[in-house]
Each structure stands twice: as structure tokens, then as C-alpha cells.
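One chain, chain A, links the two complexes that follow: it is found with chain B in the first and with chain C in the second.
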Partner chain A sequence: MTVLLEAGAPRTAAPHRRPTLGKHREVLAGLALLAPTLLCVLAVSLYPVVRTFALSLRDTDLAGQQSEYIGLHNFAELLDDATFLGAWLQTVGFTAVSTALETVLGFVIALVIHQSFRGRGLVRAAVLVPWAIPTVVTSKMFGFLFNGDNGVVNYLLVHLHLIGSNVNFVGDPHTALATIVLADVWKTTPFMALLILAGLQTVSPTLLEAAKIDGASAWTTFWRVTLPIVAPALLIAALLRALDAFRIFDLPYVLTGGGPASSTMTLSLYAYQRTFNALQLGYGSAVSTAMFLTEIAIAAGFAVFLVRRFRAMEV
Partner chain B sequence: MSTARAGLRRGSFRLLAAAIVVWSLFPFLWQLVASVQPDRVLGAASPSWLPNPATFEHYVNIFTVKGFQQYLVNSAIVAVSATAIALVFATLAAYALARLPLPGKRLSLAVILAISMFPQIAIVSPLYEVLNKAYLLDTYRGLSGVYIGLAMPLMVYILYGHFRLVPKEIDEAAKIDGAGPVRTLTSVIFPMVLPGALVAGLLGFITNWNEFMLALAFESTPDYQTIPVGIANFTAVHFVPWGDVAAASVVVTVPLVVLVAVFQRRIVGGLTMGSVKE
Partner chain C sequence: MANSGPGGSRRFSRRSVLRFGTAGLGAVAASRVLAACGSPGAGRAANEIVFASAQFTGSVSLRAYVDAYNASQSKYKVTFRPLPPPSSSTEVHQQLVQSLGRQDGSVDVFTQDVIWIAEFAGAGWAQPLDTMISEAERAEYFPGLVQACTYQGKFTALPLYVDAGMLYYRTDLLSSAGLAVPKTWPDLVAAASRLQQADRVPYGYLWQGKQAEVLVCDLVEMIGSAGGRILSEDGQSVLIDQPAAVSAVEFMADTINRYRVSPGDVLSWDEEPSRTPFTGGRAAFLRNWTYVYNVAQNAQQSQVVGKVGVAPLPAFPGGQSSACLGGYQLGMNSSSTKKDGALDFMRWLSSQTQQLNLARDLSLAPTRQAAYESAELKQTNPFMVSLRDVLIGGTPRPITPKYAQVSLALQSGVSKALSSGDVVGSLRATKAQIEQALT
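After this line comes the complex of A and B, so read on.
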């Protein structure tokens, strides 16, 4: 900017015009560049979500044979639907437990791969493997590992005398959801680790050195210096993870199909089954809408917590 | 004493690092071992740790009997086309958001990111309706078109971070030399954010390659179904063909594992930058 003015000001009579015109052109160019992305995102995400809300107020089937406005009737029905209520509770529980485990484990992994040591590249690459594998493949892998007849996990647990006889992990209502939690933790902890690693990289080494010189132990430094600085990144990572965990679909679809006895039914799976198997487009959309509203509540909860924390830090 | 403690600490750190590697790799390695074992061994009461005897019958089986190559072709067409188109759009958008004087830039970025958090179940049925009306169910174009929009927000976010790292002076120098915004982007700035574009493309590709729910809803015949749908449907009537499933899993996963191993540094760098700023 200064370069332009210095070069142009002494000679031209109207020094303002050229930059303004140029700026105008740049805004137009910017809008043109942004337009394809905005259009795609709106078409593939915003329109469908609004349409889902609208469909949730209708009694309609997937083939489009009938469609009738019924107000909040679908939602009233949801409150009497034991499968829906069970799925809601299971999804909330799954989200809470898996997010908590993934945050803690992700933090541990992030601390390890943040250090510089020989073989760090190998550890980082290994950690990325579960993240890159398709979730459907993960589901099949865990189905094989935890197979009730002759899975290797059963074999190991029996031979270590931790269980008396084989457990039908995915076929037993008491263990099926826990198995899905474990598979999810394996698959998505790397993502958490990377997000937390990003936070760890903002902790300046001079600060850690200063703490060391002041005689703080590694333990104290972690709790008093590292953790407070990383906390916002940690919370944001947990929020992203929680929102993603809440929509879990692939694992229960492939591993259990929602069973046994709906013990692993999740909201996404239930909405999908109602829409595409029972062809109840309106009711399925009501399930999706209820789920979406819960997600917004989760996000809002995190946001309030984050804002409070930041305020507390400023004071 | 202090050296002993340091040694102990170093030892336990190494043990932890090793545990992380084993935990991350074991399920995949177990699948790899299973894929070369005959069904008889896989059905035995106690597992055989090493493939002895080894067999390639499952690999032969998935390509001859189960027609697995069709799923591979379908996935490749859909994921590659969607990723390429999305990458072009996302680069343009990220450039505009990061460097041009647009009104409401932050809002646009926030909207794009917020939309990327929408659950897929909330978009699947309206998109099904639209594709149905446009006769795009059971086509490559329909699924690929949807994937373009889905992978884009993350790509915009990653590229935005990279564009912001290029010093402003470079734009101004290009402007003085008479280059317009598009010219500046294509011949000056884009080469500098190429690593970011690589990461964005890679992540977009992995997202599309792995996506399951939409592919399941929009493609009902094996002619157009992608790999995740194909693998999910891999069940025989009376038993699970674990060997075939394992072989298919390995075939799908190996390219991803190789990509991740090769680009590990760039992926970690690309994901951990951008979020740091502000």
C-alpha cells in the first residue's frame, strides 16, 4: 500500500481513485471465487437440513405417494416410542463415554508424539493408521477380534484367566455397546491426538524452561503451565469429537445392526432404518430433527463453558 | 541416582510409545494375518498367530467370485472426481477468504465450517429426494456431486490456514507487476500453498473413499456401490466369510496406510496449523 502511494501520489491528480476502483474489482473477484463453494455447501447441506425440518412435520413416505401436514404429531409420537428413547439415551451415553476416553487417551498420545525422540515418525504414522481406515472396515475388524466363537480377544482373556468362558461380545446386550465404544475409541483417538497436538505446539518452550529454572517438577509444570494453555484447544477438540460421536452410524450398522434387542440402536441408525427400511420419511425426519436439536444443545453447552472459561481467565 | 531415574523415565516413555504403536497397528496386522489363512484355520478354536500354511485363496476369491474390483472402480471414480472438483473450488474460496477484501469474510468462513458439522442423517433423505427426481440415484454423478459439497468445508479450512501464511507483500508485488487477483493466485500464490493443497486433497479423498451412509442410501446395485457398502454386504447366508472380509479390508486399507506413511509429516503439519492462529 505504501509502495503504491509513494509511487503514484506525486504524479496523479486523483490519488484515491485507482485504489478504490482496484478494491471494487477485488471484492467482485472475491465473490466470484467464493460463489461455487458457497453454492455447493448450501445445496448439499443447508437446503437438505431445512427440508428435513419441514418433512418432520408431515406424514409422508419415501416414495412420495402421500404427504400430509400433521404439525408436531411425529414428535408427540417420539415421546411414546421406547426404541427412540432408548436410542437417545444410548447415543448420549455413547457420546459422553467415548468422548471422555478419547480426550484422555488423545492427550496422552499427543504428549508422546509432541516429544522429539528417535522413531517419532514411525509412532506418528502408526497413530494415523486407525484414522485412515474406513469405519466399515474397522467394524469388520472388531467383529473378527471380538468374535464370540473363536475371536482372539476371547482367546486371550480366557487364557489369562480374566473370564471363565467365551463372551459373545457383540451378541450380548450387556457388552455390545461397550464393544462399539472400544472400536470407536480405537478409530478416532488419533484425530483427537492431532487436534490436541496442535494445542501443545502453542505452548512456548521458553515458558517451560522458565518453569524448570524456577524449580517446578515436570508434574507441576504440566498441571500449572501446559494444561491451562492447552485447555481451550482441548475443549474445542472434545466438542468436535462429541458432535461427531453423537451421529455414530457405521459401527452399529455393520457390527450389530442396532441389536441385540436395540441395545446398540443409535439415533442416526434409527432414523435411517425408519426412513429407508420402513420408508417413513416424515417420522424418520422427526428422529433426525430431534437428534439435530440435541447436537445444537451439546454445542451450546460447550460454547457457554468455553466463554465462561475465557472470561475467568481474563479477570 | 538421578541418572537411574532419568533412565527409568526414558524407559517408561519408550514403553508407552511402543504400546501406542502396538495398539494402533494390532487390529490391522491381525486382519493382514487372517487374510492369508485358510478358512479351516480361521474357524479353529485357538487362533494361529502366524499364517502357516499361508494361502492367497481369499484374494483370489474376492476378485473372481465376488467381483470386488467393481467396487474398487466405483470408489475410485466417485472419490477422485469429487475430490478434484472440490479441491479447485475450495482453493478459489480459501484464497478469496484469506486474501481479498471481502465483506463478511469471517461470517462466511464460520458458516462454511458450521455447516460441515451438520449430521449426515439430517441431509440424507432430502438429497435422496432430489437425486431421485433428477434420475441420479444409481449413478456416479449423483454421489460424486454430493461428495463435492461434503469434502469442501474441511478443504477450505486447511487451505485458508496455508494462504494466511503467505506474506501479503507477495500479493502487492504481483499487483504492482500488473497481475489481477486470478493471475496472482494461479501463478504466484498457489505454488506456495501447494503442500496445503496436497493435504486438503488427501483428506478430502480419504473422507470420500470411506463415506458409508450416503453411498448406502443412493446406490442400490453393485454396479455403482462403493467399497464400504460392498464390504458391509460381505456376508454369506450361514457364516461370516472372515477370510474374504479380511482380504477385502487389506486391499482397501493398504493404499491408505501407504499414503499416511508417506505423507505423515504433511498431514500432521497441515492439520495442526491454522487452528493455532487467531
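After this line comes the complex of A and C, so read on.
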């Protein structure tokens, strides 16, 4: 140690010591200014993730008063847990189907409200109404609409002779998840329409005019001009929606409680039940971690598409 | 003001408002943080008892009882901390666990659902009351309830009120068809089908099959009335795949698919959705809790006022009627620093006088044997007196500190058995899941 210090001493005493110190100070000042923000970000977003991961390696159970380190045992158990595997598949399926439907429908709505027509402002505002309704209210509303005993949907379908007798939409494992997808599509399509509309507004009218002058049909203009320009906005909107849809909790929590036969159990709901109802903080955290990893995979999938898209545009 | 010009003045005032506003907010936040950091007893008077309770509602709220206690003596002062209503029992549980788990004595007395007793006792959160409440005092309560309040030999909960599953039936329909109140499940199916075929009611028998806690209650009753159990008496082995349990669950599915006395909707119904068609006059029989009795007699909510009877649930031939035990008990936080006051309040609220008042004001059935002999209860709630044996003979749900996990497994597994039709396979899988939770 002494040798090192002595060896280092002359170097620090060198003539260009002052500017280094000044630079050092500047860096320190910069760090000091950054620190509050950095601390906030770390405390709010990184700490919960790290803490959840740490908990997922323990068998922490509030009721059992235990908290032992058990390595990856919780994750091994997850692979054996039929409810978890079902919830994982259902959540991925829900995400894929609802995001696809919402993107397509949102695009259609965006194209319509992008046109100029009388009362456009009113229509644009009206389209947003479903999105502004709290999800718990939406859930209750769909519960009444799709009620198997006296719901409006059953009444209409029976009177139109599309079904023979009432269907218990939320009480049948074959229809419960589809009903939840429908409620989600109704609720979130406006949000997608809004994002895609913003993308549509970036399409320069001169390009559309040029296409028109070149004699391109409306169809060709849409496929060859509008769509390629809007594609990145579309992908980003779909990414946001997919990540959000993956966390679906409120609709099944209010509408079905995860049933029947766990057919509407989603990962968020299952993590919640295990963590807060059964008080298995360790196992519940493992479910949350699995969810987190899947979300990263979804984001990565979209990122690959997006990067390709941007590269294609550069060329 | 006139000199500085409108713009300058506005900017100055806006900035100062912001500055003072932020300072004010900061001060509030700081005082909150400081208060939270202080010891839990800080800010509480030495004689203050905190009572955290699910919010039972009726003509009078539980808060009025706390006020009455405070007015009745000057030694202790109880502060009422309302939790969600018992219909949101999962949320009540969560909030209690958060308070009790901190073990800081921030709550002294709490109300607990019968299914949490083992969990709270096992975790050491509920104070054993054996030395505080004598054997003689305990004997004033129904023995079955005292047993339900005892975990591993320790009496940790003082019964407040009792509830149980029971059979509601339409007296007018049964008498006009010359039918007796069914004592067995086949009798119930026969009576229900006959009334349906005669076009007297669209639905025969309504119960609760939603993937929720109530499904476990309906299950306990069915399996119990077939002579089976979910867990063995010592809580060590799982009996859900035994013949009695399998036939009980098969019968539950048969009420929908084979006998068609229950609509498929029961698979997504908990208490209230199953209650409304019955009080709307569209069903002959209903399984539900005590609360339905008063709703059915209320002309604003019911079209069958004066036409509803209550009886013990049927049993399978050769079996005995079984009613799922429900209700809330009082508990003392083991880390409370005011146990004397806590005990005094618990004794007062669970006394004969207050239990009779609770029955009158909130329709909560008493847990004391002598209460059922009183003329007052006969007058305020005659059906409680006539159903005394059902109420006090309730079958407990599995008793284990891991009840929450066992219940989740049962809810999912039995829901699967009922909607898929694969009863044996689903119950076997459920057994494996419960076994894993118990080890």
C-alpha cells in the first residue's frame, strides 16, 4: 500500500493537477445535480423489480412466518402449476387477440376521423368516451349486458334466432375469456385510434397529392404511401397496447374473479391472489417475475420489428 | 400594484403562491412522515383502544356500539377503525394482515372471519385468551363455536355472531303443490322439477358456483351432507377425491346438466346474483346465508314477502344435513400494549345484551346459548330461534393456517370439475395442489 501511495504521489503533484481537479469537480457537480432524479428513478422503478426478484428466490409466507432462501425452487414449482400455465397462455392469448383487434379497429376509426367532415370534432370527442369510463364501471356494464339470465345481448341474440337459448357468457369457460376480450376491445380501441391518428397526421399531403397526380388509386395510395409512413407509429402504439394488455387485471377481477374453471385467470390476477390473498409473497413474486420476463420478451419482439422498419426507412 | 403593471404583479403572485404552496405541502408531508416514524403508540392516549372491524351495516352501524361503550364507562376510550364490509372479506383480510403483520400494536381489537382463526393463531398475531376468559365463561357460548375458535388447544377468538348456510323455500308454492319441505337432495330435485314442469317457476334450486370463496361453502355443505370431508380431522390428509366428495360434486354438476333444476348461470353467481331471482319470485329453492331472510321480508326488495320459509339444507339419503359455518369473532392483537382495556371492550361487545342488540339492529345471530332462550330474540328475529340448531351446528371449512391457499385450490379445482364434467380428474388434481400447499 505504502509503495503504491508513494508511487502515486509524484503523479498527483504534477503540474496539470489543477485542471484535472476542476474537471473532477465539474463531474461531481453534475452527478450531484443528477442524483435526486437518479435516486427517484432507482427507488421507484428499479428497486421494486430487484426486490420482487429477490423475494421470488425465497419461500416467504406471511401466514407461515417463514422466509428462507430456496433458490429457483419457486420457478420450478411454477412449471408444475397448471393454474399458472393456464394463466400464462390465457394472458398471452388475450394480449395477442385484443392488441390485434384494437390495432385494426383503431386504424379504421383513425382513418375515418382523419377525414374532414362536418362535426368531426364532436365525433373525435365521442370516440374517446369508452376509454374515459373507469374499467370497473365497464366491467359491471358488460356483466349486465352479457348476463346469462336477463342480459340484453342474450335477449337480442335469442330474438334474432342466432342462438336457441340464453348463453351464460361469463359463466362458461368457452365464452368467458372472449367476453373479456370484447369488453377490452370496446374500451381501449379509442386509445389506439388516438395514437394512430397522431401518426396519420404526420403523412404529408404533398405525398398523397403526388400519388394522385401519378394516377394511383385510393387503395394503392393507402398501401404504398400511407401505411409505410404510419407503420412505425402503428407498431409503437401496438407495443404500448400489448404491454398494457398483458397486465390485464381489473376486467377479470370484477367480472369473473378468474373463473369459471380458471379460464379467465390472468397473470396479474394470479400474482395478486397468491401474494395478497394467500400471503405467499415468495411464490407471488415468482409469478410477477415470470410476468416481467414475458413483458421484456414482448417488448423485444416489437423492438426487432421497429428497428427493421427504421432501417428500411433509412435506405 | 398599480405601479408594477398587471404582468409583473401576476407573475409575482403566481410565483409566491407556488412557493408557499410547495412549502405548505412539504410541511404537511414532513409532519406525516414524522408521525409515521414515531412509535405506534405516539399520539394515542394511554387509555385509547383501537378497534378495527369489518363494517357491518343494518339500521344502526357498529360505530354506534363503540360510542355506546365509550359512553358507558370512562376508563377506556375505543376508537373505531372501519374496514371494508364483510362482503369484501378478502379486502378485510388484507388490511388486517397488514396491521397485524407489523406487530406494532397499532390495532388492539379486531374482527376476524371464522376461516382466519387458524392463520392468525398460527402466525402468533391473535392473543390466546385461555387465561383471560375462564372455562365457565367460554361455556356460555355454543360448544361448536368455542371449538372453532380454538386452534391447537388455544382459545384465540371470542365469538361475536354466527352464520350458516340454509335452505330458503317458497311456502306458497310448496303448499299449493302439496309438497313437504325436502329433507334429502333427491326430494329437493323431485319437488323442484315438479314445480318447474307445472310452470310455477323457471328455476328450481339456486346455489353459488362462482369461482370464489362461497363455492367452498357450498362444497363443504354438499360433501358434509354426503358424509365426507375435505381434510381429515387432523388436517393431515386430503379427502377431496374420496367417493363421498366425488358423488357430492357430481350431484352439484347434475343439478345443472342432468336434473336441470339449476340454471347454468349458478356457475358465475355468488350470493347476491343468486338471491335476486329468488326474491324476484323466479325460483322455488335457494341456498344462502341468514341475511336473505330480512331481505325477503322487505317489500322494497322482494316480491315474495310472507311466502318464504327457512329450513336446514337437505342431506343425501343416510347422511346428515350440513351447514357451512360462517360469522365473525373478536380477536386481540398479541402485540397490543393495552390488553386489559381490549379485553374489557371485547367482553362488553360479546355480552348477552349487546348480542341481542346486534341481532335487532344488524341481523347478526347471537353466539351465546342463553340468547336463544330470551323473549327479545324471539320477538326481533323469530327465524333465528327456530333455526338455532342449524346456526350452531355449522360445519367448519378446513381448519389450517394455510386455509387461503387451500381455498384458492378448491375454488379453481371445483369450478373446473363443475364446468368440464371431469369431476374425478379435477378433484384428483385439486388434491395434489392442496397437498403441496399443506407440506
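Please note the rule applied: the second predicted complex is superposed on the first by the 267 of 315 C-alpha atoms of A that agree within 3 Å, B and C clash if a C-alpha of one lies under 4 Å from a C-alpha of the other, contacts with A are read in each partner's own complex, and residues count from 1 in each chain.
Everything that follows uses one rule, which is that contacts are C-beta pairs under 8 Å (C-beta built on N, C-alpha and C of every residue); 3 or more make two chains touch, one makes a residue touch a chain.
For clarity, every value in this text was computed on a predicted model and none was experimentally measured.
Enquirer: In the overlaid three-chain picture, which partner chain does A:V44 touch, first (chain B) or second (chain C), both, or neither?
Expert: Once the two structures are laid over each other on A, A:V44 reaches chain B alone.
Enquirer: Residues of chain A touched: more by chain B or chain C?
Expert: When the residues of chain A touched by each partner are counted, B comes out ahead.
Enquirer: After lining up the shared chain so the two structures overlap, which partner does A:V170 touch, if you call chain B first and chain C second: first, second, both or neither?
Expert: In the superposition, A:V170 contacts chain C only.
Enquirer: Should A:L31 be classified as contacting the first partner (chain B), the second (chain C), both, or neither?
Expert: After superposing on A, A:L31 lies in contact with chain B but is clear of chain C.
Enquirer: Applying the document's definition of touch, where does A:G64 land relative to chain B and chain C: first, second, both, or neither?
Expert: In the superposition, A:G64 contacts both chain B and chain C.
Enquirer: Once chain A of both complexes is superposed, is A:T289 in touch with chain B (first), chain C (second), both, or neither?
Expert: A:T289 sits against chain B, while chain C stays out of touch.
Enquirer: Of the two partner chains, chain B (first) and chain C (second), which one does A:T52 touch, if any: first, second, both, or neither?
Expert: first
Enquirer: Please indicate which partner A:F144 is in contact with in the superposed arrangement: first for chain B, second for chain C, both, or neither.
Expert: A:F144: touches chain B, not chain C.
Enquirer: Which partner chains sit in contact with A:F276 here, chain B, chain C, both or neither? Use first/second/both/neither.
Expert: A:F276: touches chain B and chain C.
Enquirer: Once the two structures are fitted together, what part of chain A is touched by chain B and by chain C alike?
Expert: Touching chain B in the first complex and chain C in the second, residues 62, 64, 276 of chain A appear in both lists.
Enquirer: Enumerate the contact residues on chain C facing chain A in the complex.
Expert: 90, 93-94, 97, 101, 119, 122-124, 209-212, 263-269, 277, 401-402, 404-405, 408, 411-412, 415-416, 418-420, 429, 436
Enquirer: Sort out for me which residues of chain B touch chain A in the complex.
Expert: Touch residues, chain B against chain A: 13-14, 16-17, 20-21, 23-25, 27-28, 30-31, 34, 42-47, 86, 89-90, 92-93, 95-97, 100-103, 108, 111-112, 115-129, 145-146, 148-150, 152-153, 156, 172, 175-176, 180-182, 206, 209-210, 212-213, 216-217, 227-229, 231-232, 234, 240, 242, 245-246, 249, 252-253, 256-257, 259-261, 264-265, 267-268, 271-273, 275-276.
Enquirer: Using the touch definition up top, name the residues of chain A that touch chain C in the complex.
Expert: It comes out as residues 62-65, 77, 82-83, 148-149, 168, 170-173, 176, 256-263, 265, 273-274, 276-280.
Enquirer: Could you list, by residue number, the parts of chain A that touch chain B in their complex?
Expert: Touch list, chain A to chain B: 1, 3-4, 7, 22-23, 25-27, 29-31, 33-34, 36-38, 40-49, 51-52, 55, 62, 64, 108-109, 112, 115, 117, 119, 121-145, 147, 150, 152, 155, 186, 190, 194-195, 197-199, 201-202, 233, 240, 243, 246-247, 249-250, 253-254, 267-268, 271-272, 275-276, 281, 284-285, 288-289, 291-292, 295, 299.
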